[in-house]
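Next up, some structures in structure tokens.
Here come two complexes built around chain A, the first alongside chain B, the second alongside chain C.
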Partner chain A sequence: MTSPNITSTNTVYTVAVPVAAVLSVLGIALSSSGYVVTLIGFAAIYGVFCTGLNFFMGYTGQASFGQNAFAALGGYGSAILTANYYWDPVLALLVSMVLSGVIAAAVGYPTLRLRGHYLAMATFALGLITYEISIEWNSLTQGYMGLSGIPPLGIGKYELVSEKHQLIVLTFVMLLGVWVSVRLRDSRFGRALRAIAGSEAAANALGINVARYKLAAFVVAAIYASVAGSLFAHFVGFISPEVFGASMVILSFTMLYLGGVGTTWGPIIGALIVSLLPEVLRGLKEMQDVVYSVVLIAILIFAPRGLSGLAVLFQRKQTGESKQTGMNP
Partner chain B sequence: MTVLSVKDVTVRFGGLVANDAISFDVAQGMLAAVIGPNGAGKTTLFNVISGAMAPTSGTVHFNGELITGLPQYEVSQKGLVRTYQLVQLFKDLSVRANIMTGFHRVTKGGVLAALLRPRWFREQEARIAARTEELLDFVGLRAVADMEADKLPYGQQRLLEVARALAAEPSLLLLDEPAAGLNMQETAALADVIQRVNRQGVAVVLVEHDMQLVMQIAQKIVVIDFGRKIAEGSPAEIKAHPEVIAAYLGGTEGLDD
Partner chain C sequence: MIDLTQILQSLVNGVGVGLIYGLVGIGFCVIYNASGIVNFAQGVFVMLGGMVCHTLLTRLGMPLIVAAILSVPVVAGIGMIIEICVVRPMWNRGAALFAIILATIATQIMIERITILTLGDQPRTFEEFTLGGPLKIANIAISYQLFWILGCGALMVFLLFLFFTKTKAGRALRACSQNREAAALLGIPVHHMLLLSFALSAGLGAVAGILVTPTQYTAFNVGTPFGVNGFIAAIIGGFGSAGGALAGGVLLGVAQAAAIVVFGAGFKNVAALSMLLVVLLMFPQGIFSAFKGSGKGH
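Coming up: the complex of A and B.
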């Protein structure tokens, strides 16, 4: 499932099927109304965010409740640079990414000495502090009012005015994000992160600088979050502190655990389902929230390793026979 | 040449003296063992040697270099690699992936290399993959290479931990009670692996309860009791040592700390 084997024996299941699924969702969205386009767009943005979060929580096994802080940095960075200073959106996105990475490194250095619940608390505070700053720093962020007039994504004079064009770009950025995450995971760097998740004592004994690699994973997650924030700003054209509030943390955690933490496609599956579910259930009116919660709980009961874990079961059934003969020579 | 030199290592926990001025040397390529009754301070000594804990006083030299006070990962990076009394495998990863992780010390490359995958990186990955297969054969885990580590029987988990440590190409391998909880066949398989490792020129120090194993494979034995070194010598010398006999038969082993 998640073993970082370089010789991927099952590229059909790990690459071809998921990419085809993503592209068909994109296809459905493009042939639908504007509202579906917006929803799928949000799902793609959250897919980027959760893929980053998965780096820190899934692969490295650390808890962060404060990644929304870096989404806010990316969002406000892009919004301010493009709306107020007329920067190119791509340049603004890249600069925000770097800024978020640097701030993550500076904040993470002392914070990541904490473990478990303490780390969770400290990172949660990080999100709250960023939220307060985005409210209070009026001259820069316009407080509760938020920033509007953010241009859509584009390079130079070429702007993606239509929402559908933007969705295509968002989907490809998301796929690029997944591709990068797989490449990082299946390497010496990724193996060190998974070693830390598995046992810090053993990681130490193998010469892995645990503190440094935790920080690196935190920075990677922050950069993903920043990109997600920037994309959101351009996609919606408006941001306010609430966008990057605590609800973002809850939503992304739901996505991550529903889809499958520590898996490649889990964050994407989770992002899609959690984005669409409330809309699918809209017809139920006042029962909507109840059914939503029941569905979430049911998924977590029957697929405790997330929905992408179910896909693994299916895959095992398909290849089970050949594998077993291979194991008993 | 001396690969490991422990000099006057003392560790105090409040009023308790866990290690009291312990000194011994391990020559290059030697297979040594530290034995002693429960609570004698063996694991504490191991933690000091591997850098997991700083001693109250005393020094540890590894290949002539002072390593006392260095963080554990730096000690490991120098080629002193340990295993733990309770197996510390990466449970969710396959057996093969566990071994691949072990190459960290002897490979290079970070985020950028992983992303760009230059030629040297791909060659390095290929070397890791090839060497992993060799190690799987070396410890006899090839048949279970794709299983998740915690699905293995305990004996094989031990072998996997040793294989993973070997991936780091240590010049000194510390094994903390490697035979604990193993049955006779598993212990024999482990003894065989340890001896083959040692024959490749890797110095090995093990802390062990299994006397039979120690007497069978160790070339030098250090005995500690109540934190003090009471004897040091060949298996034959140790067997005949009056203080060792007293420590083991004198009824003190009930005094756990």
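Coming up: the complex of A and C.
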């Protein structure tokens, strides 16, 4: 499941270089125009979302095609609490986070007993149910119209009015998210999850309560998704059901698979590249979703390990390591 | 107040749409049996059936029956393209189950977007196969299209039965579903069987889409509900049996019609999806296996 290079203790390559890269991207964004700031902001938000998804898919080896449900919960929770009830954004974010975690635990408890395509369809249905509810529950969500007038992030009187200030906070939230996921991954909890990814039967034999650990990983992923949804609501100031629709699933999986499933920085790299695609492919505005789908399918076929596969190739040449086989989440 | 007429009327409507779910469900089973793959893009064939037929009707001015009959092979061809371009390369590389599922979801989104770009995002419909009607039996309206759905549904099931029992290709497909390696050793070209199963299941979806469009409408986004409902039908029927899927579809259609009467139309899909979760969690081997006592394990 995991490759040795990913879990290596060489902190220069696993911490210093990526963090420096993230900060330099932040620096470039801060010194450029508004549109790039927005794109990098989206990349940071999706980075948080994909890190959560990676926790569940990459480390635990499970699949959820319905994480957009929890992003919608977070987004709508934050939007409704701040815009309609004038709550503090941070408090709203935390409350939405807890709510998403509780709902994930309640929904995941029965759902995660399923396997294979049953699990896939059940989680996919979660996303669809949430999407339908966000359209139909007009009095709360205003349906297709969406909710607007969501204030930017801030504590008390201090609001992050400028987009660049928000971007700085988003980047640090993302880094915090990555740090938490790394700490979790290397803890006893995370090692249990990786054992489950390797073989459920073996993990069970080692005394790991498989169902409980899977559920915990699902809740963690849901909390990440919820935070991403809340951040999105505050960053854009407007949300609608479409934001958290099925194309979000494709988009986030494209990012995750492009960067590399099961790696620490892969989701972040993927989120950055895919978020910058619209800027590169300006002419393809309407074709965007088609392009994402084609890219995702191509990656799934030809490079299921994503860009991290390149790093592995590079490392293999250096160390003369023998060929690894069969790593797939 | 809900009276008897209303209940019977929704029952009639439920049977009609349920048969459509059943046809989609059979489509799931055909591919699953041949390969063990669940094609999440199944609903897209239903959408394409209606859209292609409508396009042939309006842009080329064909008569309805000709357009309907021509649409089926067109959609079956699209199904084969999906198999060749998406599923087969992953299959050959031994991709993980979740990766293949994800690829089929991506395919669905891609086809939906291409449909918007080429045909537009407006909902459309065409007239019923037999004009006139609806047939009135004591205040219950039965549209003639329901009889077309019943007739074509029965015909499809009969043809499938003949195909699977009498023809060499059908028997080969069944052999694949029992044991792919053994089938390959016996000289059955398993890859061709996968292609065949995609064509068959796309064709079935197209028939369902063409039949159902006159009773409601078709648009780029009708695929997902039909796909999910078809999947539910297949699960209720115990995933893998065609007859079970058809019965499951009717059961689902009637339950949904009842839900509409009780809760209103807005939450129709929520009701269906919740039913999916309930069925998945309580009857993972299908409802009918609970009666038989010993379910067929997967």
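Note that the second predicted complex is superposed on the first by the 278 of 329 C-alpha atoms of A that agree within 3 Å, B and C clash if a C-alpha of one lies under 4 Å from a C-alpha of the other, contacts with A are read in each partner's own complex, and residues count from 1 in each chain.
By our rule, a residue touches a chain if its C-beta (ideal position, glycine included) is under 8 Å from a C-beta of that chain, and two chains touch if they have at least 3 such contacts.
Bear in mind that the values here come from a model prediction, so they are computed numbers and not experimental data.
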- request: For A:258, decide between first (touching chain B), second (touching chain C), both and neither.
  value: neither
Query: Can A:201 be said to touch chain B (first), chain C (second), both, or neither?
result: first
Query: Looking at the overlay, does A:231 come into contact with chain B only (first), chain C only (second), both, or neither?
result: neither
- prompt: Intersection of chain A residues contacting chain B with those contacting chain C?
  reply: 328-329
Task: Please give the residue numbers of chain A that touch chain B in the complex, ascending.
output: 2-7, 180, 183-184, 186-192, 194-195, 197-199, 201-210, 216, 220, 262, 323, 327-329
- request: Could you please specify the touching residues of chain C with respect to chain A in the complex?
  value: 38, 40, 86, 89-90, 93, 95-103, 105-107, 109-110, 113-114, 117, 224, 228, 231, 235, 266-267, 269-270, 273-274, 276-277, 280-281, 284
- line: In their shared complex, chain C is touched by residues of chain A numbered 57, 63, 65, 110-111, 113-114, 116-118, 120-122, 124-125, 128-129, 132-133, 136, 246-247, 249-250, 253, 286-287, 289-290, 292-294, 296-297, 300-302, 304, 328-329
Field: List of chain B residues in touch with chain A within their complex
entry: 50, 52, 71-74, 76-77, 81-84, 88-94, 96-97, 100-105, 107-111, 113-115, 117, 121, 124-125, 129, 143-144, 146-147, 164-165, 168
